[in-house]
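Shared between the two complexes below is chain A, which has chain B as its partner in the first and chain C in the second.
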Partner chain A sequence: MSSNWVEVCAAEEIDEEDVIRFDHDGRTFAVYRSPEDEYFATDGLCTHEQIHLADGLVMDDIIECPKHNGRFNYKTGQAKGAPVCVNLRTYPVKVEDGSVFIAIS
Partner chain B sequence: MTTVPTKRDYSLLGRDAQAAVESGLAAAEWYHTEIPRKQMKELMKREDGPAIRDTIIWLASLLVFGCLGIYFWGSLWAVPFFLAYGVLYGSASDSRWHECGHGTAFKTMWMNDVVYHIACFMIMRNPVTWRWSHTRHHTDTIIVGRDPEIAVMRPPDLFRLILKFFGILDVWHAVIDMVRNAFGVISAAEKTFIPEIERPKAILVARIWLLIYVATIGLSVYLGSILPLMLIGLPRLYGAWHHVLTGLLQHGGLADNVIDHRLNSRTVYMNPVSRFIYWNMNYHVEHHMFPMVPYHALPKLHEMTKHDLPAPNPSILHGYREMIPAFLRQLRNEDYFLKRELPPTAKPYREEFHSDRIVQAGE
Partner chain C sequence: MDIVIVGAGECGARAAFALRERGFAGKVTLIGAEPHPPYERPPLSKDGLAGAEPPKYVAAVERYAEAGISVLTDASVASIDRERKAVVLAGGGAIRYDRLLLATGARPRSFPGVSDDARRIRMLRTHADAAAIRSALLPGSKLVIIGGGFIGLELAATARKLGAEVVLIEGLARVLSRGVPEEIAAVVADRHRREGVEILCGVRISEIHEDEGGAAVLLADGGRIAADLVVVGIGAVPNTELAAAAGLALDNGIAVDETLRTSDPDIFAAGDCCSFPLSHYGGRRVRLEAWRNAQDQGTLAAANLLGAAEPITAVPWFWSDQYELTLQIAGIADGAETTVRRELGEDAFILFHLDGNGRLIAASGVGPGNAVARDIRLAEMLIAAGARPDPAALASPDTKLKKLLAA
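Presenting the complex of A and B:
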């Protein structure tokens, strides 16, 4: 499957230990900046009830859904237990010239 | 305008459940007061300190009152100690179950889980079943046919309401559910909100609990005394009144089938003791709008959102003075409800969703 790199935003636009929403081509993504200043990306909606994760809380390597507190590891996409049972899809991320890019397949 | 009362079907498998899905009321997008992301992050921030402090006070008080109850057992002096023990067991467990179920009470997840399981046992709510039912309660708050946690259905059954204060119906149903689950049976209604992968866990917990209750009853029989049951099991009955007293105010007498928590939830100012027992769930509109905000940050959230929310009831008594007449009117017209007036600074209700119901409220 081919993927293309899409520019999300300037790297500084995402606070440390935070997440933003990124919509592209009819799809929605969540792009994260970890406390270690690394960037990650996942699908933007919780696999439980399609809530935007970008309104949730980032704690270390966890994103918590704002509606039912379902937790995922945003680095791996792993669902961490009820009420989320299905993992999140993750996407490669790179930072070039001060901008964040994600590879959308 | 003449309203024709409609018979509500609260079954999770019934007519109104289907209607809610078809009309878009199920899993709808709900109204939220706007809060800047930076402030929201501060509010959502997790801490261990407040919940560790409160849990030590809670469990230490249980221990002290339980020991004093045992020490004075057989005399009237035991009564106040068991009354206090009962409220901490049969009511404080309700809010601990709730907050730790959301995973917001502690920052450290295993602490949430440990307190969640202890509180679930005390309040006799299967930790798996109720985690999922509460998830649905937040998705579809007071949507008829969707929300499995509607405490007062319309028209209200006042006799059942009175029994709730003594935990009688809750415990009766909890025991039936526990025995049924222990024998490996998950009901059709439970299957609507518990994923298949989670069901064996519900069965395992039910079996462990059943063993504990059988052992406690056995010990009581062996000792020829109800004292063991006064410490395990019965406090869910004689100590339930406080969580029912506060819990009925959450949504009682307010709108159903709306998608704005300002219409169907109630914030009530309460005394510090009740707020400790209830872990600040008196800020109920705020909790439903932003379930990620921990209980200890709810007063701050309340201050930040009150310009956009109906005025809180100033006391428990005030809440009941408003709610009980509404229940009585619902006996004659089940479509009646209390319409929450918004302050001038608030964003108005979305009339396209709620106008019919708001008209009915005024009749």
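Presenting the complex of A and C:
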């Protein structure tokens, strides 16, 4: 199985404990930088009402949807309880030469 | 142990699942008066009005069976027998409980003199109400909305999207006078006027009646406004009849303590139907009609039905969607002495409300999409922490609120 690495942005463009939106080829993703300075990526829309998660708040390893406070662990994609019950899909991330790449399969 | 929950809305459903999430293995019965399994009410005045069928369920129907929650729909509770510890259903059946949760919600306040059977004068609470209103909102039809609160304004926006003409009548001097600052209400009212909604404030209504093919609103000044449909959105009243008949203490709703317990130690109440002391605001007693509160209290009630005795710590939080605008409010601004405005780019801003001691007590924001969401969420956390943030820092968009929280 081949993966398809796509460049997102310069690593420093995402603040620590924050998230940005990344649109590519008709799809939307959320790309995170954790408080431990690691990078992660998930689908960009909340599984409850299709809201862009990048407008939400990152706290430790949780992303909270800006609309109705649905919470996910952005490292694993796991839904953390009502109103969200469907997990987020996650994507592999790498940082090379100061840029963030995600693998969109 | 058997737990019975009366009221199958957001709050009751959330409580039922939260009992299982906490490992409760006894019997759970959820009793609802409507024909549907629990569904989300917020969409009914928004996109959900425009034809969602079935309604957006709180949880997929099969999840109740998977969780061992027995759901009785179309079931009306006649009384609570506290001696026998049983809920008596209309028709005579009884369901025994060890612990009971009342999540009976609220119902729209009706306009004096208007019959519940009126077809051209409606209120909006249930999926059936939304469907009836939707079917009357044809392009070019005329809708008159009574009441400039969240329900009335959201319905106005949705009706414009569907092509109906809209007149909104508010008795007070401005829309959203309950709990929304004037600056934000003005943004919302302007947005409606740009969309062609006619907003009449400070207008007294003497009568509403149905007539040939429609309805008419008669104004105290002698004016008359004809409509194809009138929708009344003038607030809600808590459903306290069961609690009252059972002799439970009431106080603008079913009175509960800080753990959601009623005056009967085996009976709890949560959501729109109950009033409770709000610890962040000196223990003042409030009743909230809000989706988030219904969820939070449902979850807390589950813990306390099982003996956790945890107090309410949530900060009140509301939102509304109208056109592309979203309004979010955290906290209660009554008693604010200082208000600080933070600009968040194009057409979005937040007002922070501080009390006389400099403590942040509320934040109200409006803007397109989710422009204000992150900062309102952080404000909510600052309020919960009892923070006294520097007003200059709140006003400066360059100061990250997250930094204030860490301070």
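In this section, the second predicted complex is superposed on the first by the 103 of 105 C-alpha atoms of A that agree within 3 Å, B and C clash if a C-alpha of one lies under 4 Å from a C-alpha of the other, contacts with A are read in each partner's own complex, and residues count from 1 in each chain.
Here, a residue touches a chain if its C-beta (ideal position, glycine included) is under 8 Å from a C-beta of that chain, and two chains touch if they have at least 3 such contacts.
Worth saying up front: this structure is predicted, and the values here are computed from it rather than measured.
*Asks:* Do chain B and chain C fit side by side on chain A after the overlay, or clash?
*Replies:* These partners clash in the superposed model.
*Asks:* Scan A:21 for contacts with chain B and chain C and give back first, second, both or neither.
*Replies:* neither
*Asks:* For A:52, decide between first (touching chain B), second (touching chain C), both and neither.
*Replies:* Only chain C; A:52 stays clear of chain B.
*Asks:* Identify the partner contact of A:71: answer first if only chain B is touched, second if only chain C is, both if each is, neither if none is.
*Replies:* First partner only, chain B.
*Asks:* Could you give the residue numbers on chain A that contact chain B in one complex and chain C in the other?
*Replies:* 55-57, 64, 66-69, 82-83, 85
*Asks:* Give every residue of chain A touching chain B within the complex, in rising order.
*Replies:* Result: residues 18, 48-50, 55-57, 59, 64, 66-69, 71, 82-83, 85 of chain A touch chain B.
*Asks:* List the residues on chain B that touch chain A in their complex, please.
*Replies:* 27, 40-41, 44-46, 102-104, 107, 109, 128, 131-132, 135, 138-139, 195, 197-198, 290-292
*Asks:* Note which residues of chain A are touching chain C in the complex, please.
*Replies:* 17, 51-52, 55-57, 64, 66-69, 81-83, 85
*Asks:* Okay, in this complex, where on chain C does chain A touch?
*Replies:* For this pair, the touching residues of chain C are 14, 17, 21, 40, 58-60, 63, 291-292, 295, 299, 319, 326, 369-371, 373-374, 377-378, 402.
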